[in-house]
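Notes for the one structure printed next.
A, B, C, D and E are the chain letters, set down in written order, and residue numbers restart from 1 in every chain.
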Amino acid sequence: MQRIGVFVCWCGSNIAGTVDVHAVAEALKTESGVVFSTDYQYMCSQAGQDIIKNAIHEHSLTGIVVCSCSPRMHEATFRKTAAAAGLNPYMVEIANIREQCSWIHKDMLSGTEKAIILGKAAVAKVNLNAPLTPGQSTVTKRALVIGGGIAGIQTALDIADAGFPVDIVEKKPTIGGKMAQLDKTFPTLDCAACILTPKMVDAAQNENIRIYSYSEVTEVGGYVGNFDVTIKRKARYVKEDICTGCGLCTEKCPQKKVPNEFNLGMDNRRAIYIPFAQAVPKVATIDADYCTMLKTGKCGVCAKVCTAGAIDYNAKDEFVKEKYGAIVVATGYNPISMEKFDEFAYSQSKDVITSLEFERLTNAAGPTSGKLLRPSDGEHPHKIVFVQCVGSRCENCAEKGKEYCSKICCMYTAKHAMLIRDKYPDTDVYVFYIDVRTPGKAFDEFYRRAVEEYGVHYIKGMVGKVVPEGKKLLVQASDLINGKQLHIDADLVVLAAAIEPDKSARPLATMLTASMDTNDFFTEAHPKLRPVESPTAGVFLSGCCQGPKDIPETVSQASAAASKVIGLLVKDHLTGNPCIAQSNELMCNGCSSCERVCPYGAITYEEKEFRMPDRTTKLRRVASVNPAVCQGCGACTVACPSGAMDLNGFKNNQIMAEVDAICKM
Amino acid sequence: MQTVTTKSLCERAASLLGEGTVAAVLGWKRGEFDYDLTPAVFTAAEELTEGFIYNDFSGANLSKYLLKKTREIDGKILVFLKPCDTYSFNQLLSEHRFDREKVYAIGIPCSGMADIQKIRKIVGEGITAIEACENSLLVHTLYDDEPISVSCAEVLTERCLNCKSKKHVAYDELIGDEGEVLTSNRFDEVEKIEALSADERFAFWQNELSRCIRCNACRDACPACTCEKCVFDNPNSGVQSKAPGGEFEEKLFHIIRAYHVAGRCTDCGECSRVCPQNIPLHLLNRKFIKDMNETYGEYQAGEYDNQRAPLVNFSLDDPEPSDVVKGGFDRA
Amino acid sequence: MTDMNETLIPILGVITDVRIDTPDIKTFRVVTPDGKKPFDHRPGQCAMLSVPGIGEAMFSITSSPTNTEYMEFSIKKCGCVTEWLHAAEEGQMITVRGPYGKPFPVDDVFAGHDMLFIAGGVGLAPLRSVINYCRHYRDRYGRIDIVYGSRSKDDLLDYREIIEEWQNDENVHVHLTIDREQEGWDGHVGFVPNYVKELGFDTNKMAVLCGPPIMIKFTLDGLSELGFDKTQVYTTLELRMKCGVGKCGRCNVGAKYVCKDGPVFRCDELDELPDEY
Amino acid sequence: MQDVKEFKPVIVAFCCNWCSYAGADLAGSNRLAYPADVKIIRVPCSCRVNPMFILRAFQRGADGVILCGCHPGDCHYSTGNYYTRRRMSMLFSMLDFLGIERDRTRVEWVSAAEGAKFAATMNEFVEKVTALGPNKRLEDLRCKQ
Amino acid sequence: MLKCTLSNIDKLFEIVSASMPLYLPTEDKNGAVFKKWQPGTVWSNASNTVKGPKDLFFPQSEDLMAFKTEGKKIEVIDTRTETEDFAVFGVRACDVKSLEILDRVFLTEPRDSYYASRREHGVIISLACNRPTENCFCGTFGIDAAEPMGDVSAWLTDDALYLHANTERGQAFTKLIADLTEACDDSAVSAQKEKNRKVMKRLPLADLEANAFGGSKTEQFFHSPQWEKLSESCLGCGTCTFVCPTCQCYDIRDFKTNNGVVRYRCWDSCMYSEFTKMAHGNNRNSQKERFRQRFMHKLVYFPENNDGIFSCVGCGRCLAKCPISMNIVKVMKALEVDTDD
């Protein structure tokens, strides 16, 4: 049985105005467990808190009830007061008699009556409270960033700058991601490579950053502060530490017919390759699917020409196990496949391209060395049609497109149109759109410049069909504003393909027990207030894995995620919330219901031996809650039929005691 | 009459016992009369010949016994499962309630079980013997010189009348012919009650549930009720109770029991079969099944191993509670 | 209501004193609201204490029948009721009914004999009333030996009474032991059964035994090694009592009901019961 | 005894800590009145509310039970209220099946900013429950002893 | 011997009901159950009721007393009220006998006033069995279903109800219905008894004997290997104990009302796993032990303490209701086999 003290606050006249505080204190005196009850003008004041502290000492209180304002206001205050007096802070309960009583009830009689009942409920709860101690766990001071695009790089740089080691795992042979493939960036039109590659070099040279390129995460265990991650380092058949990146092998390799993914297959590379000149790490990689030596055992040219002796045809995938305190997901995006969009003749004509392909076509390092030439015949196009929202904002077309807006297309299309008109004023540019969305700093100005200064033809309406005919592409479209059908014989059609999360995101989410939405974008812990955190503690989100973003947004989110990681890694110990779920193993059935509803993957199962009452032992599967991961929502407690799962601080019997007290009339 | 004979099952079981594939056989044992069979474990061929029986009264679902028996018995256990029993079997498996490796499941066809109470309603008391014929049962009684013939269809148990499936969803071996999942009318009765006014519904359940004597037979027989310790037995749960009382306790017990097995109940009907007070408890479970099917899509517990039951799942566009209650059967 | 006496309806008791004996055992003094002893009892009998809303629990009456002013109960914390009682303060009311069960045969079988009391842990609680009864009627009994063991020094129940009163009595010999060596303890160390054998009593006496089942079993073996017959040894099964009146069905072991036929049993009587107690 | 007076229902409101409880606080801060019959129990998330608690409230004399949580999609724990939605849908439908008046139970999503909605919801709910009169169908006669 | 024509039977119920509540078997959805007679109630002559008349004397749940508490103070409130007289009609011979068995528990010192007061105020009108069921085996325990006891014995023929008062209370009862009855000789009843006894001999369980059992047989049966087999599929539910007219185990519990505490008594079952869980653990941890306890109690322990009277009356309810059809008959037969060896 507890020894409970009750402290009724007047809150000046805020409470005392409509609640007879003396009557409340008096009425609660006879409640079970109550040994002391008083009221005071301002309980939260120093004097008020001293009353509480003194009472705790004088009456050897084991629990206290403060009838005052909302616990959202002063629960923390009174918990500290209790702790200062040597009482476990979780032995404090607040009866909210201000916001939920005195402020809303005008009548003293009913206000007082309700305050008494709320007080009784709090007393009933405290009677069943038990001291709680927050769990502590250590923090491994190393972060993992999954994905080496601009998001991952920025996050890693910021974490590293704060002095924490960080690893980047990038599945491609080089970091850089999508941004490395871009030409210019909106709305300032600076060159993507010029701003990205220095960051890539920074990352490579930063002592705190380790880059696992050509690698993938294959296994994640543990929890916030203590993740155990297995990284697969795919065999690249070139010793990374020896290769100097001279590139001789990539020139001598006899296998010349490998589609160059960096240029989206618009030209070829060798079987041994360096994706692009500024690649980081600048190390060659052998493409095992095409290498004659690896496939037939006959060739070995690269090994012969490599003076450093970096080639190793016997290399195997390696697995690295590493511990991390925090994980940042920066898996990025891809344009969706255009295969299903037959109406735009993407598969039929080489001159129907995606915007990303267009980027490569205008990029000085691209297949055409930056000259805008038609892929089919290398001729200069004079009439170019841009189609917006291909697969974006696609209602009822889930089988090929996406319901959401891809966000970046309006701006990059304006950029493309503007760049064409700037370089090739003789070229007509048409842009078909549903809406032009330009929310962003200097975005609308940018778009207006495209229309007004550069004379790009913006037409509200959708392209119905693109039909290749001879050298031309007949574009049939509707002009919604003028209400007429348009027929344009274009030389080049550029599709603003919707973007979707990278395919590696889904299996990764499963490994991380991080939740995803139906589009496979990672879910944030709170859409407004915790946008860079995953609901799974210790997992953070950076860049397009969380939703479509442009570069400035990605970079700001990357830095935000980094600051969250730094905030975590700077701690030596993580103090958990003690109000978390706890499984009574003796009653647990091991049925997995709780595990299925846990949003954090905090519940695992183990086989344990139990001594039965008849002295036999029984091996049983029982749930155990990881206190570092559980956030205390309580979903599991209701899923559990046997009541084995309960929530500290909000135990079944505590809530029922409150119910009883309230209903007792 | 069942399409497989006791003898054929006995022989198969005996041979599996003999060759050492299984250490014990979980089946039905004949009783004093032809209808009072008891689930039993057989460990020798002679025991089988002497006691094993599979007839129109082998209603008891044996799957729940596997929890205890797989722990107690070394070696594999042969269990005979009727189609509906296999659903319970699967459900228990997905809840990790026994070790699949320790079980040798033989699926056996079932042409429906007879309800002794229905037979009594027709022939009266004093049944001394029941002979199974093709489509009928010959019932001998103390008070009639000639046996009375009742058609099997007429005396099928309620649950068999609404049989959901003649297909076995899990087994190691099948004896007899495999059946199919049926389109049953099992929700008709639920709909009938739904169609009543609130007062009538209340009166109906008040009458039914007030008969409850809290013998816990429904719970103890239920293959979904496998809690290490039931909340109603647990002094710390706050809802422990032993007797009906205050007109509330029995309602609480049955609502919560149905809720706890919702999504896990395979609708095997054991609860109603074993109720000594003949409370149609299965209707509570069926109501949940019907609601879940209508609201969240068809779901049959136990159909597959390791499914995610509707109540431990969600979708972003689930209807609101107010719409569910109103939507399904608004009678205004 | 007519003159329907009902034993299930308790009378009120007031806790007038709470003594901490060991970390988990407290002794409660109980009187009626008007300050009298709730009812008379015989050594070894039990009473049902209850706390409304928490429940009932059976305890042996620790105080001697010769104490006519109050009743005492030594209670170990091990369930809802006991936990509640342990938190209770002086002045707290509880309810009491009883006395229940067959007492120790102090006035016939034991009379005129040397007595050997053997207790382990809280097992001393039921023996205290017999011991004090025998001390009160000192001339009716011969030599009294008390063997009492517990886990540690701190767990020796009512050490003070033992040291200050029992040990000073004439012809009363107290043998204390604790399970394991402990600083500040210069007495005997070892388990009760072994200690009993070491002490090696002559068999010309009656023995009363109470403690954990395992201790009882081995002490019985020890006593029989020393030549005791089971008919000379008594013990009590008060922990198997529930309703107190032998009707609720729980205390039924074989054909016996602990509430009515016990809780005091002669050890040979126990042997005749099925092994279920 | 009681029925001479005007019927004042006992209403238990379970509010999640992050949205609805804050919404209730906001209603208070804005002095938006609702009947004193409503008593709030704070839970971390609406998904903490066990059907047992609701039945318990009715047993002990509640005339109405309302559960408030974050709007779907806004759950502090991301998915809690989705489970609540399913659980309560099923429970309420079952209570309806047993002939318990459906207006005695309700789920409402109230965000921390919706003080006005909280007050309005409570006013409306109390009105409905008052119209229904005392809970007789799920009461426990023993509790009145 | 008194005779009341069947056409007058409802009138009889009405007259009795006018002076005291009358409980009699009526047909319910679930079979025959004892219910209070009200105008329109139809009496059921079913061979047996689903539950015996036990509830009328030892209800499944009854309040014993109440408490009020305030601070450290407690008030005990005796909630007992004077039981009014009542009559139970149509009690079969087995059930009449079952009350005698309950008496031996509740009326021995210390007397249970709750039960005692109901027994004192209840008048039992028994009824001979014309159509026993296949589950009946009262004969095994020396009960003659053709000769039921009680305060008033009654027999039914095709056209009339015959009554004979055995006790003072019975005489008071027959006086009550004097207007509807006429004195007659025993011939019709004797003929009916003959008929009944003939049926009895043909019952499938007529040969079951209890001679092998009884007091002082603990040693013999307690260690029987049969218990393991018999109990292996027992669900541990309380059906058998709750439908049994002689089972009387109970629990005393407190219920917190909104105003205080009610201490009540409710049926408990020795088949429940927690039944013997007390202060010092559980002395019957396995279902086998609990199962054995129930039958040993009925067949050995009870007779040992009660002049050889078994605590089973052969009513057959457990045969009808056990979910797995395990019952005392199967137990007796299996154990007897054991003793034959």
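Everything below uses one rule, namely that a contact is a pair of C-beta atoms (placed from the backbone, for glycine too) under 8 Å apart; a residue touches a chain by one contact, two chains touch by 3 or more.
This structure is a prediction, so every number in the text was calculated from the model and none was measured.
Looking at chain A and chain E, the chains in contact with each of them are B, C, D. Considering the contact criterion stated above, the chains in touch with chain B and with chain E alike are A, D. Using the average of C-alpha coordinates as each chain's centre, A ends up farthest from chain E.
When the interfaces A-C and B-D are ranked by how many C-beta pairs touch across them, B-D comes first. Set against the C-alpha centre of chain D, every other chain centre is closer than that of C. With each centre defined as the average position of its C-alpha atoms, the distance from chain C to chain E rounds to 39 Å. The centroid of the Cα atoms in chain D and the matching centroid in chain E are 46 Å apart.
Centre-to-centre spacing of chain C and chain D amounts to 53 Å, using the average Cα coordinate of each chain.
Touching two or more other chains at once are residues 597, 639, 652, 656, 660, 663-665 of chain A. For chain D, the set of residues that touch two or more other chains comprises 51-52, 56, 60-61, 73, 79, 83, 87, 142-143. Taken residue by residue, chain C touches two or more other chains at no position, since every residue touches fewer. Pairwise chain contacts in this structure: A-B, A-C, A-D, A-E, B-D, B-E, C-E, D-E. Residues 518, 586-593, 596-597, 605, 618, 620-621, 639, 641-644, 652-653, 656 of chain A are the ones that touch chain B when the two sit in their complex.
Those residues of chain E whose C-beta lies close enough to touch chain D in the complex are 63, 66, 255, 257-260, 262. Interface residues of chain E, counted against chain A in their complex, comprise 70-71, 256, 258, 281-282, 285-286.
Remark: chain D residues 60-61, 142-145 touch chain E in the complex. Per the touch definition, chain E reaches chain C in the complex via residues 64-65, 67, 69, 72-74, 76, 78, 80-82, 105-106, 110-114, 116-117, 215, 218, 222, 248-254, 256, 260-261, 263, 265, 268, 270, 275-276, 278-280, 283-284, 289, 293, 296-297, 300-301, 304-305.
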